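As written, the chain order gives the labels A, B and C, with residue 1 at the start of each chain.
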């Protein structure tokens, strides 16, 4: 299995009227062919911005200031807008968080799928596009696709709309599918359906998937590998079993501890106290230092390097440093 | 939908009836009379009687009211005091053309210019064209139309002598007044379109469209403009009010034989039948436009269209 | 990274202050200070505010300190163009336009201000009563408003002016007779919205009585839209007054308002444009500044726009 996508030292700044937000800071990760990578972290940790940076669809005030995004041996950050347009949708497609707002409310569903085909499959005729759109609708499990084809988004339920969004993303058989919290806005019962759908489709289409989530249940369900982000930094990455069994970063540990467990009756829900750092003025040390229970002086002053804590399992934490005698390592 | 329109029409009729009644009794109690006091007083009582009878003024007021309503339902709005022996409906009808032409041209200029400016301003947010549009919008909304009209007449008509400054002899006479009237419409449309576009450009489905890899021009036209242009229909109501108001002053300034100048002349001459006629005409016209806007809006926005469909 | 600077001694547990965990860069601030801070950042709005203050001061002071009375005629100076003695020149009777323009501004502003205050009082009371009482009272009050909204307000104003002798009082009354409707609708809508919001319900649940809720929850939260609405009422009242005077059914000579002056200037526009242009500049300036300041205030006060 080769790496299909590799992100190195990616740094993204967003200019606001109050100042520059360092939304993504020096992030490294890769995606293997046909695997599913889950990117985990709380709101504002820079997950979505990272993905938009990869796709070249950052908001106007956002900019990749450093780093590379290697896709099939080419650096996407060097691509012009026009060149990126040929990649977006056909090579790398995206599924968004809220199906209630991510579809154009005044355009028929069929047209929204066909738009993707029109942009990338120039040789298709109008009939072929329609046939493909209906085929895609049935592929994502929508019944009566011929009728749905003519409907508007607001005539569909949330789960159905997310299926449509997935259908749009898969229209041109992309090599990489980026799903930005695809289940967060849905009912719990629908969430499982959508995850099952994505897993099935991955088997059929051999797509590689990056799934962003803050739900560790989703991670356990679908991911092969995990990348944990905090405060615009990637703090830990590794195999999904490794991460769940042997979390190395204190933040990952906190995340895992906060999953409610049915058998621990009577215990209070556990939370990580405090709030994430303000990325307008990020701490110069470890971003988690202010909330960590094991904070050392060095954590507040210096950014930790990545240390290996297993095969293909890395974590950026000073506690893993051999000098950290006072720590648990 | 039909039920909704009928209900609204019912409302309009009730409102019109209230307006007619109030205006009628107000007119009956006004201090001034349309007749030249001196000439009226030197008439013999028989002559006075005849004049009063000619205009139906010697009946008791409630009888006059019933007669007026009855005649009105048959399309007869009475006889003008100043335009001797002329039917009010005819007087108004003969003035309709110029006002309609100017108004329509102003709306078209306002829509075309306003939409283009609004789209450009939002697309190039915080750029030169954006600031230009904002300044134009503020000026257009703030500059009283009669000031704009007077300045246009002075600079373009008098100083440069490019266009006719008054009267109604050829189509070119309608250009300056149309432009003067279009200022506020342009400003309103540009401002509305810009706000609406900025809002739409922030929506998730624009990101979805960009993620599809379609060109920026297509994202702008097919997704952003199409979705922001629909609500612009709703500013047509306020625009029509502004045009009606503006036409009173602008038609006077450019000496145009339209309804606006007729209205002002008749107010000054205490020509009550014509004033009443125009009042009813304006009110009905305005309310019908507002209704039309609502209907059109619900027809072109698929979300509203279906919401209504389910109700009925 | 400079590894030499990392000393072994740093690998000891650090004390983290409790408040460090909730580090937030922006300090919390109240609504009014917040709004003011944001308004101050809006340069156009601040400039407009200062121009308006200057215009108001001139309207109050200029006629008092002028050498000429606003009705003083001097036939040697008829249609004089702007000079040192007559900054704006003179009109057809040789009256000093500088004095007349600021006198007119004073009257126009006064009319607009009184009309705005009347709109405010009637509109807020009507809207609040309608929203707070609800039920049948609200339904009837809303029907009345629906009918009033259906009529172009200009027609009501004109008919009103025909029925009563022209004068400052009549104009104010004519403006107020239709002006309050928008305010009433806004206030009602806002209160209805607030009434159903969680924090008001929470206040109810916590045992606050109705008066307390009105004073502490509803009024402070509607102040914003009321202020904004007033900011838009004033220029529209100035416009309507000028418009009526211009078409000849509002104020008339010898009274001076901006509309009267513009009307007078328009009559001699062909030969003496300065007689029109001076009052026209003042009225446009007032309208533009109110418009920009109103927009600025709306952005500063609208909590939904806070980012």
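Quick note on the criterion: contacts are C-beta pairs under 8 Å (C-beta built on N, C-alpha and C of every residue); 3 or more make two chains touch, one makes a residue touch a chain.
Small disclaimer: the values here were computed from a predicted structure and weren't measured.
Centrality annotation: C (chain centre taken as mean Cα position, compared with the mean over all protein Cα atoms). For the pairs A-C and A-B, the count of C-beta pairs in contact is higher at A-B.
Chain geometry summary: the mean Cα position of chain B and that of chain C are 25 Å apart.
Taking the mean of the C-alpha atoms as each chain's centre, chain A and chain C sit 48 Å apart.
Once the centre of each chain is set as its mean CA position, chain A and chain B turn out to be 54 Å apart. Considering their complex, residues 52, 55, 57, 60, 81, 84-90, 93-94, 96-98, 101-107, 115-116, 118-120, 152, 154-155, 165, 168 of chain A touch chain B.
Of all residues in chain A, only 18, 273-275, 277-278, 280-281, 289-292, 294-303, 305, 318, 321, 323-327 touch chain C in the complex they form. Within the complex formed with chain A, the chain C residues making contact are 1, 5-6, 8-14, 16, 20-26.
Those residues of chain C lying in contact with chain B across their complex are 146-147, 150-152, 154-155, 158-159, 162-163, 165, 235, 239, 242-243, 246-249, 262, 266, 269-270, 273, 276, 280, 283-284, 287-288, 290-292. Interface of chain B with chain A (complex): residues 125, 203-205, 207-216, 218, 222-223, 226-227, 230, 301-303, 306.
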